[in-house]
């Protein structure tokens, strides 16, 4: 019986949790996000607390399965307050990481948070780079935890021809994500060529080539 | 093949993650706990950063399986900085919750944090109580997430005669745990009878009876 | 003359001050609570600062006397921003504790704050329990101060057949209060019996008995 | 009987409580100040927690009476962590304010905190000045509370020929105090005359006169 | 060519930057101040982020030159969020300090922040006073930096018969400024004479004289 | 005379100031960095306060001139607590940006802070990228200020064949810097090829080519 349960787990358990240090402390028991508010402030308005129910603290979004038949062979589902209103003022987000065969979560950082990853299934190569450009890497096995310190660039790669599933917790309700390749080569509008040519010491043709490559991810 | 992997997961994946709002922001890339320091301050001293390696950010502690043949039929493994030095200054802890048949995690709170629970396997009844004594409850199914707001009393109960496994993330590197039953009836030394008799409006014999009951959990 | 003054004091000086660590820092000179605002956020909206007067920073609420002829023989008056709008963003609350003969303030905690108590009159037995269930107690005399650390469960008992008066300061403008007995036995709706039976290792009849006792406090 | 108690109170109850917003959140149950530590950091080292007792959370310093026969006819006793080690990391200080006849607590501010004052006895004229130089004043009667917002300059004056007693709570464990008159005219060494002559538009003789006057307070 | 550029700089480069520790952490990429909002809270509402452009992050206000032909021979331009909406939630302000011959920036503090000053041109005498009334002073030359710690009273004086220009950074988006002379002698309404007579130990005539002097600054 | 002063400025005034939101609030008047301490904690130990002098709050490091005859034709001098001990606990850093003809400060971010740049001389093209990959750019003229929001990737380019000088303030005493090109192509050791090939969708030869280019910057 338990086996069947677990197999079911395999299809939805792509989850990653993350939280943001420095989010505001709560002043109330809770402040469930009000999706209808049109006030813009440096926090998120709450629902009238008298209308809050247990459903506001429950999310069933991860019961569904991931899709990994894309270029990078990865699906990242970030569960933040827009999908899970009860997370508001709790200071963290949860992410779902499903890797297809040899799938790659490319180098990126979260400008406002750290992340902790927990491997459920598969064999995952993970790494981060310190601000003095030192690379720290590890091969994780099921049950292993790994920390990506706050704001540092990190990546993961599935080492096998099998599905791999991990959970991440991010230390903010609004962690943000900056992909290194996209931020250089796929912005709207694009960064002027002269800046990238200087940064990478390559010519205009190679910049175009890189822009084309990244557009496919 | 994947099935076998997952079955393996079933034995160690009792994990609960939790983090503490209000922990100090990091000033360095990382501050890995120094287990040999004998300085007492309101934070935890770091290792010399030149001696830090990727192993400091990795924990394999959850590869082992839980034991739930106790009175409450539950094992809670809290992974904090003493077991996982890299968590220091990251502002969260991770907990492992394994429930045997009808196992109960009794009413408790974490005085410095909130918790998010994620159900991996089984059917779990969860609840928390607001400071105006309103009870919020839910029955969770695999893949569901539930939030216990900061500092509020909460509990879980396995509804079935099957093993149940959940992960929790707590918002501090040192969340603390206060069990309601223990804090009333099993402290060192015990709270004086007159205080409990007034609080519960029962006589000394019943206080003794409750002390005896709680001592068995 | 001074004697008469002081006697007057005796009737209203039941006061307890408390404040919340972690409340938001003020960005303005002041942010006096706006009682007419209908915006829900994780803080309290301010009055238009051009309409603020010295009255907003003054509270006369403690000129009145306490009533302690109830089951627990205690009156706790918490002065927060709803009664004292100028407290908004100042990060603390003030509480008034009046004990009749052998009155008890039952075990409780404030999920978001610490408290400091200052005994004005009488002889008071006070205690708190650490997260490792160690009990710390003391008998206070007039003029003594005692600290209940953040989030920890604490209580007080009047040791004499005389009125006792204390002041408390709580470290938040919205400290919250969780009574251990009520949170177990008097919530809306009640916690399911199986959870309490497991936590206390007593049967259903005793749970009913405890619910009945607590309902009288 | 109660009357006699209260009269006793009259001699020691000069107390002022204050706390500092922005102090660090505690990571442990408590961090009692270690008076023997010789480490200098931006916080205060703790005692070994295994040596902590209830005495560390108790202060009896206010049992003694104030002395107000000085030039300003006032005694201010600030109770901070050097006198009360358990206050460490709790984020507040407590102050004792005793005024002789027409005694004055001269204009000053606390650079890191707000203060709340609570009048126990007498009739007290209080005021503060906003950063736009608006003065807010009030006459307090026994039982009244008044708030001095964070960092703003404030003062008190006893309006009668009777002893007056107040309590203050300051929002930091290390609030600091800057007296406006002293900071201009009694520093070590003194501020150069040209600066004060420009600021006040008076000549050197008047600066000398003011220095002499302030030296007597 | 560069010389001419720089000469131009001389006329507008009166700039002082300051920032406030303790401002709220940003939860979004940015929160540009909404000048049309009429909500009063302890922060500043943001514009709809979809309407934000690069102009919101740009200020040209310092292209203009200072005027220093006043009594104190100084112009201080504080650039805060009302002039530069993009500063909102960034936690600092920038100030422009232009001194005419022997100009004086009189003793003052910022109740919510520290300041760092950077001397561009001239020779400047600077100082601050600790809370134990110790004076720290220095003569700065072009290119020198000097720190005024948080909340402490400080001043500057141009030592020469030449224009002097400095930049300051203040650690808050709303630092506030309290002038010691004004807060004593030029408030609305004025502080009662008895308070100042006690604080300074001078008579009513001298208080009047000082009020008259300060009114000319 | 003033002209000559200012010309002198031209050679050293390459300065950039930056500060970190979220640094710890100071509990003392100051905490000057102790360069001889060998304690590792998540903050920096202070000198014995009795040995502190005004020199600790003064830095003359920017009196010297920049060197910009390198590949990128830029010199960035970051003044942090190691060079300027008084900055400790003040929560900001200051940076000096000197650009030779068409010099480029390549795309980078500061994982823990925002930056404000102020152009002293020249014409500078600046830009940043939001987490939704929108590019915001501006051409700055002398006297203009521009904000790079917290953690977002940004760059600058000198648009002319003339020297350009700017000041930056960064919101932390330890902002950190991540260069996008280096973090991808010049780490120790290098990120494995497969990760970069997936992220950029180019082959191994191009990765080698890019590594070679970046090594020259």
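The letters A, B, C, D, E and F name the chains in turn, as written, and every chain counts its residues from 1.
Everything below uses one rule, namely that a contact is a pair of C-beta atoms (placed from the backbone, for glycine too) under 8 Å apart; a residue touches a chain by one contact, two chains touch by 3 or more.
These figures come from a predicted structure and were not determined experimentally.
Undergrad: Is the number of contacting C-beta pairs greater for D-F or for E-F?
TA: When E-F is set beside D-F, the one with more contacts is E-F.
Undergrad: Looking at CA centres, what chain is most distant from chain E?
TA: B
Undergrad: Where chain B and chain D touch, do the two copies share over half of their residue numbers, giving same, or under half, giving different?
TA: Both copies, chain B as well as chain D, present different residues to each other, with under half of the numbers appearing on both sides.
Undergrad: Roughly how many whole angstrom separate the Cα centroids of chain C and chain F?
TA: A distance of 49 Å separates the two centres.
Undergrad: Can you give the whole-Å distance between the Cα centres of chain B and chain C?
TA: One centre to the other, that is 27 Å.
Undergrad: Could you state the distance in Å from the CA-based centre of chain A to that of chain C?
TA: Averaging C-alpha atoms per chain gives centres 42 Å apart.
Undergrad: How big is the gap, in whole Å, between where the Cα atoms of chain A centre and where those of chain B centre?
TA: Each chain reduced to its C-alpha mean, chain A and chain B end up 25 Å apart.
Undergrad: Return the residues of chain B touching two or more other chains; collapse runs of consecutive numbers into ranges.
TA: 21-26, 29, 39, 41, 43, 112, 127, 131, 150, 152, 176
Undergrad: Indicate which of the five shapes (line, ring, star, complete, other) describes how the chains touch one another.
TA: Looks like something else, not a line, ring, star or complete graph.
Undergrad: Looking at the whole structure, which two-chain pairs count as touching?
TA: A-B, A-C, A-E, A-F, B-C, B-D, B-F, C-D, C-E, D-E, D-F, E-F
Undergrad: Which stretch or stretches of chain D touch chain C in the complex?
TA: 1-3, 5-10, 12-13, 15, 17, 19, 21-23, 25-26, 29-30, 53-55, 57-63, 79, 84, 86-87, 90-92, 94, 114, 116, 118, 120-122, 127-128, 130-132, 136-138, 140-150, 152, 162-163, 167, 169, 171
Undergrad: For the complex, give me every residue of chain F touching chain A.
TA: For this pair, the touching residues of chain F are 21-22, 71-72, 102, 104, 106-107, 109, 111-112, 125, 127, 129, 131, 133-135, 150-153, 155, 157, 176-192, 194-196, 198-202, 206, 209-210, 212-214, 216-217.
Undergrad: Which part of chain E faces chain A closely enough to touch in the complex?
TA: Interface residues on the chain E side: 24-29, 31, 34, 39, 41, 43, 45-49, 88-89.
Undergrad: So in the complex, the part of chain B that touches chain D is made up of which residues?
TA: Those in contact with chain D are residues 20, 22-24, 39-44, 112, 172-174, 176.
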